[in-house]
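In what follows, subunit A forms one complex with subunit B and a second complex with subunit C.
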Partner chain A sequence: MKMPLSGMTRLAWRNLWRNYRRTLIMLLAIALGVWAMIFMTALMRGMVDDMVSQGVAALPGHVQVHAASYRDDPSITHSMPAPGQRLLEALESELVSAWATRIKVPAMISSEYENRGVLLLGVEPGDEIALGFDPDDIVEGRFLDSSEDSGIVIGEKLAQRLETRLGKRVAVMSQDPDNNIADRGFRVTGIFHAELENTEESVVYAGRDVVQAMLGVGSDISEVAVLGHDYREPGPLTEHIRAAVPDDFEVLPWPELDPYLGSMLKVMDGFVLVWMVVVFLALSFGLVNTLMMAVFERIREIGLMRALGMRPAVIVYQILMESLMLLALGLLAGNVLAVGTIVPLKDGIDVSVVAKGMEMMGASSVLFPVLSPADLVMANSVVIVLGIVTSLLPAWRAAQYQPVEALGRI
Partner chain B sequence: MAARRRDAALGLSLRLAWRNIWRQKRRTWLTALAMIFSNVLLVFMIALQFGSYEMMINNSLRLFIGQAQVQRAGYHDEQKMRLSIPDVADLAASIRRELPSLSAAARANAFVLLSSKDRSFATRIVGVEPAHEPGLSTIPGLVTEGRYLDDPTAAEIVIGSVMARNLKVATGDELTFLGSGRDGSFAAGVVTVAGIFNSGSADLDRSLAEVPLAYFQDAFTMAGAGHEIALSAGALDDVPAALEVLSTMLNEHQGLVVLDWNALMPGLKQAIQADMSSGWFMYGVLIILVAFSVLNTQLMSVLERTREFGVIMALGIKPRRLALLVLFETFLMAALGLLIGVLLGAAITGYFSTAGFAYPGMEDLGAKFNLPSVVYPSMDLFAILLGPSVVFVFCLLAAIYPALKLYGLKPVEAMGAV
Partner chain C sequence: MSAIICTDLCKYYQQGDSVIKGLDHVNLEIAAGSFICLSGPSGSGKTTLLNAIGGLDRLDSGQISINGERVDLLGKAALADLRLHSIGFVFQAYNLIPVLSARENVEFVMQVQGVSATKRRQRSMKILQEVGLEGMEDRRPAQLSGGQQQRVAVARAIVSQPKLVLADEPTANLDSKSMEKLMTHFRELNQVHQVTFMIATHDQRVMNWAERRIYMVDGQVTRDEMQDP
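Moving on, here comes the complex of A and B:
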């Protein structure tokens, strides 16, 4: 007997609703599972995205160029000359969205009461803003206005620790290339707020030319920070920059500059898949059970179909079709539910009760769920592919019944 | 007599329930497997979570901070040199005397520019009591080159391995420090590197330098004062009780406060809380999915027995008894899942609690929270039974709807059902 496919499909659809309660419960379970897969992934993705963007903003940039031994020993002795012709040309490329040259050395900052160790950044303010420093983060005073600005911009927390304030003078001490103490007085021209308290406490900004003069390094710099367009793809940019600098310079993408962030992103991708598979496995027992029951209560019917000449392959097809419809409906409901719960949360979830903990992980206290299309595709494919694989067993069992024997079963 | 009859009836119901669940072997096993799967996962994950938290807390506190500290109110937040504790060593000694269960060591902090022949770095320098520090911090035992401080007044310093590398110094070399004393005066000195420690915490290895307290007090014009007394009670659970006694003892010292580890490192507890809440979300989803599976199975098993139940009810058995039977069936199935799940989960957890579990690729993440690369799940009865008991309860709850369906059953109609 030949049956048109549309007929088979209609039959599968009707079979699905013969026991509507069972189908509904299973649908509910699948929808909940799919929702949990997508929702949880969106939260985690949001957190990691936030950590990475904070991390990239702190580095800053997607790729950095240093003198070979600078990272091992971040001292002014390991500075590098300002970008030459070749590097400047490479930085014109459309792979680059912004770049800056900076001096970055450990220093001690002192007020009349207290001292703190900080990272002294000598920057060109315009480039720094292009790289991601947000001038709106300045809560008092102003950001530097040029690389020759003789002021210093410090964090709120540091100002509190040093008992200093806008307009007061602070002394900054570091070492020059000959290991003599280089020091200079600065007037606090701005105070910034940062998402992470640690940044507020440990980073200070001064004009690049001023710091160069203070350290006596001419036009030498510590690093070139380069921002690309997509943090997920730092590879091409790294290669592009690497080709333009001498071999003894170190050109590294952010996952290598900050291995914690790099491995966070990798662990995250692994975690998403594991989580989806675990949820699916928890679902799969119910799915197999439902299909098995559906097959079992239809043995007679299947026997009759076989006796009338239906090939086993058609039986398999029919059961798989039934399963596919169940999965598709569940997926539809789950996706709608997930999008429906994530979209209203796009303004962020306030997790400030654990703000210090999030800070320890490098994330901020507002969590923005991120609904990434790739994660959606992954969740749906995991359910469809594994769902079909799991359904093969009941379908295959159904096709195994001998017509005569099956007809005799009650 | 009546009681005995009830017992007998109960026994019969149980036996009947046991037989009933094996009428559909495959279905029962599949349902039980769903429970076993989630139980094993829950047992292992929760034990691993608790184990990691314990290690995070212990490693973070034992390295240096201590389980609690006595400080002047406001010092923790502002870290100002002048917010000090007068005669800090004497106070630490009297704490040790009054509360023998506590280890206590006095410390003082200053921020200085530390210079070697080739390099200068701004860092924190801590004055410690060489005799009492080992009771609180594991740093003295982690000195890999040279030795720890021993003379309370010597001009010696112990620094972390990363700092030693940055400063390009080895033991025996001299370091100069430059800072300001408590009264704002200029403070400077020359110290010899006595030892270099390697704690495994990149942060401490880079930023911690210890000198003897008496020498520190002299160099920074502290006049016997210090900034904190680090405390340890051994087990973390004993800390609150000890702190209570301590705070009454401190009543006579105006302005001193006791901060427990949570106040000293609020990030640690909150990181744990954040991690836990994402954990609970995941476990909750797993448990609800299993409950759905049970709901489906029991509903099917009730519906396919409509005829049978009709006959039984026609014989005069009350729906309550039948509902109880369905609950018993679920109970037995859930007990099966619980038993096998816990045994299997405990076996796996037990194996890893001695062999250790390595998160592949997570070394960098772990290091951030002072977690070693190998974590030992905690073989704690609570951690093991927590997940499975919740699964058990939810499975029983899931059987309520199928059981309630029995109350609406009309014997005559039911007997006619196929």
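Moving on, here comes the complex of A and C:
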């Protein structure tokens, strides 16, 4: 390229503002397009993040340790011993922010009127809260005091179904390791609310020691749930824990524990890219049109430059430069607009009016837009890369004119 | 040795049923360092000939060589390079880039050539002064009169001392004093630096400066004579 960049930049910049109204309209279009890309992506990210973090809180934990056969048949026969010395040491690590041992067995709960199949969780309440159980979700009564608490905490929905309420007794029945019936009466000490109706209906909490005694399993447990610091990066934590348990234990990160949830993030990435490309396609018509007009208006000038000895390739650069400036300015405005509208919404958008359906999918009724740097980079790259590709056509057209036919036009 | 050899140049335009002869079997030899005037009635093919020699237009047939190089066979980029480095143009109608100032227009060719900014500025200021446009360097073409624009174009054509200057009606909008000044300048470049000039003109006074006069009618060279300027 013979012409120095400074000269091309100057020419492109001045040409850009010759028809400033057209340029401003195009800038506005690009800015709005970029805003739509980033803003919608932030909302979608917020929704998925919410779904995933709720899903992770329900699991709970980023990584879980089970006996190898537990996941095929989650009954008490496939329990594991309480963490040994090595695992306890591993759980002291920096990578771990909280952990809990739990009993988790299928059980039947009955009131005097009704009975339902539920998942009975024997927990240490303090650890459970550290793992993500929110005590504020208790809408009546209280959460368990300790792992020896003899009460039971059930969901609002389940209480309705069983036609029971706070202070009443329920019977819980399950199997012990020898396949004998194990049952026990509990007093309902608390009623919780959950975003997912299904959770409210099918999960009950009792003290871990109480459940262990009822099932006659000594100190055995069903699982160790471990919380790390970032659910996006469960890998290192998984490896760390895996190294500390015998081979016949299964140590799995959350995306494998809940493959549906795990696929959400990947699906989301694909969806974001598709969305951005679609918005860009809408923009590209305007962009091509603007550049084509700019080229047609300037046929004589382009012919003159060619006649004076500018190579066709430099004409192409010239038009691309102009397009690049337009894109860069539009991107700048779009990014500012997007960040400017997302940041004030960081406390969440109440979408409860339209959220009934979303709760079914595991999202809550307050949406927190998530502005991720990767999405910003992606939106900007999509616009720049595809923008240049779309500008190639007008630029190439401009370079095709024979100098004399261009000059000859009055 | 000849600088430019045109052999049997033909360029026809189809206009409905009739054929317009832009160039009709033109043969010319132009020695390096010539100072030539091209005249003839309007529509006789002067512009067409200059464009053909400058490689701006495709011919129907014929050959053009400049210093032994077949211009009619060169590709787009090579032609562009030839024009950029060896030929200075003054066009008949449209000459200046509207978004650039007079000085930037003069510098344009040098900029594409890759001449350094300080040198460009030095040369452009000097040449604009020589064509009488001192103080108008920063005006855009739209803020200049026809004659002033023409002088900017002339300044651009000669600023980097090309081997060949093809000037199409460079004095059409000039008063006789400016014309005299310009022709003196051209003649000086021609004699001191052996720049070849081909000037298309209707102006008898301009023709008097030439050492060779080529007269065209209907795309043909009808007279070609030497004279003492």
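Simple rule for what comes next: the second predicted complex is superposed on the first by the 392 of 410 C-alpha atoms of A that agree within 3 Å, B and C clash if a C-alpha of one lies under 4 Å from a C-alpha of the other, contacts with A are read in each partner's own complex, and residues count from 1 in each chain.
Heads up, the rule we're going with is that a contact is a pair of C-beta atoms (placed from the backbone, for glycine too) under 8 Å apart; a residue touches a chain by one contact, two chains touch by 3 or more.
None of these values were measured; they are calculated from a predicted model.
Of the two partner chains placed by the overlay, only subunit C lies in contact with A:A307; subunit B stays clear of it. Contact with subunit C, but none with subunit B, is seen for A:R18 once the two complexes are overlaid on the shared chain.
Of the two partner chains, subunit B is the only one that A:A36 touches; subunit C does not reach it. In the superposed model, A:G132 lies in contact with neither subunit B nor subunit C. In the superposed model, A:P177 lies in contact with neither subunit B nor subunit C.
Within the superposed three-chain model, A:G348 lies out of touch with both subunit B and subunit C [touch as defined at top]. Of the two partners, subunit B and subunit C, it is B that touches more residues of subunit A. In the superposition on chain A, A:G141 makes contact with neither subunit B nor subunit C.
In the three-chain superposition model, subunit A touches subunit B and subunit C at no common residue. Contacts from subunit C toward subunit A in the complex involve residues 51, 54, 56-58, 76-77, 80-85, 87, 89, 91, 93-100, 104, 108-109, 111-114, 117, 156. Within the complex formed with subunit A, the subunit B residues making contact are 26-27, 30-31, 33-34, 37-38, 41, 78-81, 110-113, 115, 117-124, 165-166, 168, 178-180, 184, 207, 266-275, 277-278, 281-282, 285-286, 288-290, 292-293, 295-297, 299-300, 303-304, 359, 361-365, 367-369. Of all the residues in subunit A, the ones that touch subunit C in their complex are 2-4, 6-7, 10-11, 14-15, 18, 300-301, 303-314, 402-404, 407, 410.
On the subunit A side of its complex with subunit B, the touching residues are 19, 21-22, 25-26, 28-29, 32-33, 36, 40, 43-44, 73-75, 106-110, 112-118, 160-161, 163, 173-175, 179, 181, 259-260, 262-264, 266-267, 270, 275, 278-279, 281-283, 285-286, 288-290, 292-293, 297, 351, 353-361.
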